[in-house]
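Below: one structure, written as structure tokens.
The letters A, B, C and D name the chains in turn, as written, and every chain counts its residues from 1.
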Amino acid sequence: MNKKATIKEEIYQIIFEADTKLGKRFDIALIILIIVSIISVMLESVQSIQQDYGQFLKTLEWVITIVFTLEYILRLWIVHQPAKFVFSFFGIIDFLSFLPTYLGLIFVGSHGLMVIRGLRLLRIFRVFKLTRYVNESNYLMKALKASRFKISIFLYAVVMLIVIIGAIMYLVEGEVNGFDSIPRSMYWVVVTITTVGFGDIVPQTTLGQFIASLVMILGYAIIAVPTGIVSAELSFSKKTTNIVSTQVCPECLKEGHEADAKFCKYCGSEINPY
Amino acid sequence: MNKKATIKEEIYQIIFEADTKLGKRFDIALIILIIVSIISVMLESVQSIQQDYGQFLKTLEWVITIVFTLEYILRLWIVHQPAKFVFSFFGIIDFLSFLPTYLGLIFVGSHGLMVIRGLRLLRIFRVFKLTRYVNESNYLMKALKASRFKISIFLYAVVMLIVIIGAIMYLVEGEVNGFDSIPRSMYWVVVTITTVGFGDIVPQTTLGQFIASLVMILGYAIIAVPTGIVSAELSFSKKTTNIVSTQVCPECLKEGHEADAKFCKYCGSEINPY
Amino acid sequence: MNKKATIKEEIYQIIFEADTKLGKRFDIALIILIIVSIISVMLESVQSIQQDYGQFLKTLEWVITIVFTLEYILRLWIVHQPAKFVFSFFGIIDFLSFLPTYLGLIFVGSHGLMVIRGLRLLRIFRVFKLTRYVNESNYLMKALKASRFKISIFLYAVVMLIVIIGAIMYLVEGEVNGFDSIPRSMYWVVVTITTVGFGDIVPQTTLGQFIASLVMILGYAIIAVPTGIVSAELSFSKKTTNIVSTQVCPECLKEGHEADAKFCKYCGSEINPY
Amino acid sequence: MNKKATIKEEIYQIIFEADTKLGKRFDIALIILIIVSIISVMLESVQSIQQDYGQFLKTLEWVITIVFTLEYILRLWIVHQPAKFVFSFFGIIDFLSFLPTYLGLIFVGSHGLMVIRGLRLLRIFRVFKLTRYVNESNYLMKALKASRFKISIFLYAVVMLIVIIGAIMYLVEGEVNGFDSIPRSMYWVVVTITTVGFGDIVPQTTLGQFIASLVMILGYAIIAVPTGIVSAELSFSKKTTNIVSTQVCPECLKEGHEADAKFCKYCGSEINPY
């Protein structure tokens, strides 16, 4: 089909698609590079490693940055509509993946630089490309999307509980026991209701401990709700996707007939039994 | 339909219903006001903000209180049966939403005032009006109501476990290790069985740690029960409410057609569209 | 039906059954007494309450003990097979409910007495009688029984994980960081894998923290398994109990036909459509 | 059937199979020995027990090691293809179960010896043989395998969240509050998102506590996903395997009859019993 492909088209297939052998290799090389760069950022933040291998990590950072820059320029040159690519989701992510290192040259402040460095971690999102080919992830996403509304109602109720219980605990325990303000008290409620329980703020009074017990049992009971929502949604989409046969109506060509259907439910013509 | 509506009827539509454009705007304005008032209560409890913006927050509190008072009077004047409104759920909530600020004038005691301030947070319940229009929340509520009985049996069993294990841990660990009384020991069991784990009270003896391990694994295992109940209930109500329409084929009188079916899947005759 | 019931039979109906008005009242009185006695045991363990109301609580304890003793003697006299009752589950529980107080007279050692006092809490199990009449609890029990085998396999795998990870963490962290022995290290694994996280023992080395992270994610992932088992079981028993119609075959009188069945699946005769 | 079995064949049946009486006894004896050896390793790690019973535990260790060595040699002699057995999963596990004790003779370093001792715990995997006969575990395994792909996508998303939130928290909290490096910050995210919450590292700044609250609610919400996946999978495999038999009505050729159906529920004709 692509007999007379120009070099541009060939490169397009390599860096934008993963169907050809070279395209796959390119993608894998890119993913390895991204992971190496992320690990290098992590290690750089460790004091002792920074002292011993700081120079090597800095060099590595610059090599990867230059590779990403060249790749970005290549993509810009190869793509049919460069403007559209620049403002697309992956275009922005690609741009942000090498920007921080260059910005580090101009703004020398170490702390500010660190904040920008954090953005570079978004580079990992590019690896999501991988999952684009994965059918299953769409299935998961669909179930989550379908239950998104129910989950947001649930989260809304949870946030209200956090505000009200936070205010009550602030009044009951007071500043002496670490509940200095309603926001801090709400932080404690989140820590408790989600069953995390750091233990940095802890009720000291008997009444406070009693309310805390109720909050914990409540949290224990309502943890069931989001789980139930997602379970039901996954169960349902599993069922509907599995029950439906792969048959196509010979007349109107519509799909999605149930396994036991003998006639097309859209046009009424008989469906081929086999 | 409401051509010759008097002013009273028009106002009724604005403040009690959300179907008209003005009614919707009124509701949104009210919700924003409630959220602003809640955030102001929160910020007031933070020491540093209280010192710098205390006067502004106090003024804001009074403005919102007066707006709520006027709104309440308006509702009383407009409604067909004022007495019924006063003692309705939202009537009481509306009344309690401005009461605390006025009570703060009479009773000057700072601590008492704080308790009343907490009540004001109930104002947020009015926002629930929003969800009244949301169909999905009814669906969630129905599933929770249906499983309410099973969940209460489960909670009953959990409370009994807490009492018994609390007594055992009190006997095993004793006052030296922080388990001063059975109620405090029960508080520890709640903290442990719900997997919160503050770490303020912790078993020190080997036997205590062994029993604690059993309690944790138990808690881990029984967390499955309420989740399973709600999942099953949601799964079931989803299945019955969503899949199948209530239409009956006019020819073969068979039921169980999907909502998007136009022809009977058993005999092929057309199904009544309404 | 019970026209010529002797006094013995009447008392039997009151204290062993809950169908008559008097029987119900007797049961409720008993439950209140049990709860009062449990709360009194709890309060007695609180130092400050013990000092102020110790004498009152002691008297209350003796009154309840004597009432329970008399009730036990009454049951023994009324029941048809006393020997069978004595060794039945509720017979033993009834006996243990008043024994500790008498034993407290002979053995004066305060600590030993406290251990026995703990047994008295088993008295609460009698309240389970309540649930015997509740149909739903059987439904829950059935689902748990059905999944009991799968849950025990799961627990077995979890215990093995705890042993292995416990040994690894003992070797990695060592005594310096609080992991003094494999049993204590296993206690830490239980605290971590069940997501309780007390924080009394915490990994200090980088490798230890890395392994701990894996254990936590593992625990997070496998929490899904028991939940899934119970959910599936409840979903299944819900479905099968609900789909089945209440129709009885007019020929063979067997029940359990599906809602869409037209003919009895046991004898082949037509089932009444309505 | 095995009338003229040679001694070799008889021993084979005893140590490799569990169908005969002797084979079952041999397996049970082996399991007891393994458990005893594991408990002995655990107890040896406890300082006080090591001092008092160290000699006895050392002797026990050697006895069990020799028994396992003899058993391994016996298996090698009895098996049809010794080479295949040596490199099979259970062959390697069997070999590793006695190797550490011998290695302890050559390498005297106490710390190194302890690491090898840990390997011995893998011996417990042999007990898995038990579950091979259990049908239910296959059912669980199948459901987990089916959802393995979805769970790995989910874990991938979770790991990415951990990296990104870890970097953000490192920038927000900094070294002063215990978040010394991105890896340590990621450790904190894992502790928090899995709702473990040790409390060894805790956010101190207001912004840090706000982000922590979001992370906890997020963790609380996404705990639903793996649970939902496994629930749906178990629900589905339960439904398909249990309800319906594969029988087809010989008259109307319809399927979907229950396992206990004797007559077709659609036309009333008898179904073939086998």
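Structural remarks
Methods note: contacts are C-beta pairs under 8 Å (C-beta built on N, C-alpha and C of every residue); 3 or more make two chains touch, one makes a residue touch a chain.
Note that the structure is predicted; figures quoted are calculated from it, not measured.
Counting only chains that touch, the fewest steps needed to get from subunit B to subunit D is 1. Listed by label, the chains that touch subunit B and also subunit C are A, D. Using mean Cα coordinates as chain centres, the one most removed from subunit C is A. The geometric centre of subunit C is 28 Å away from that of subunit D, both derived from CA atoms.
Spacing of subunit A relative to subunit C, judged by their CA centroids, is 42 angstrom.
Of all residues in subunit C, those that touch two or more other chains are 183, 186, 195-199, 223, 227-229, 231, 233, 235, 239.
Looking at the complex, you find that subunit C touches subunit B at residues 38, 41-42, 45-47, 114-115, 117-118, 121-122, 124-125, 127, 131, 134, 136-137, 139-140, 143-144, 151, 155, 158, 183-184, 186-187, 190-191, 193-200, 223, 226-227, 229-231, 233-235, 238-239, 242. On the side of subunit B, the complex with subunit D involves touching residues 195-199, 227-228, 231, 235.
Looking at the complex, you find that subunit C touches subunit D at residues 149-150, 153-154, 156, 160, 163-164, 167-168, 170-171, 180-183, 185-186, 192, 195-199, 202, 206, 209-210, 212-213, 216-217, 219-221, 223-225, 227-229, 231-233, 235-236, 239-240, 257-258, 260-270.
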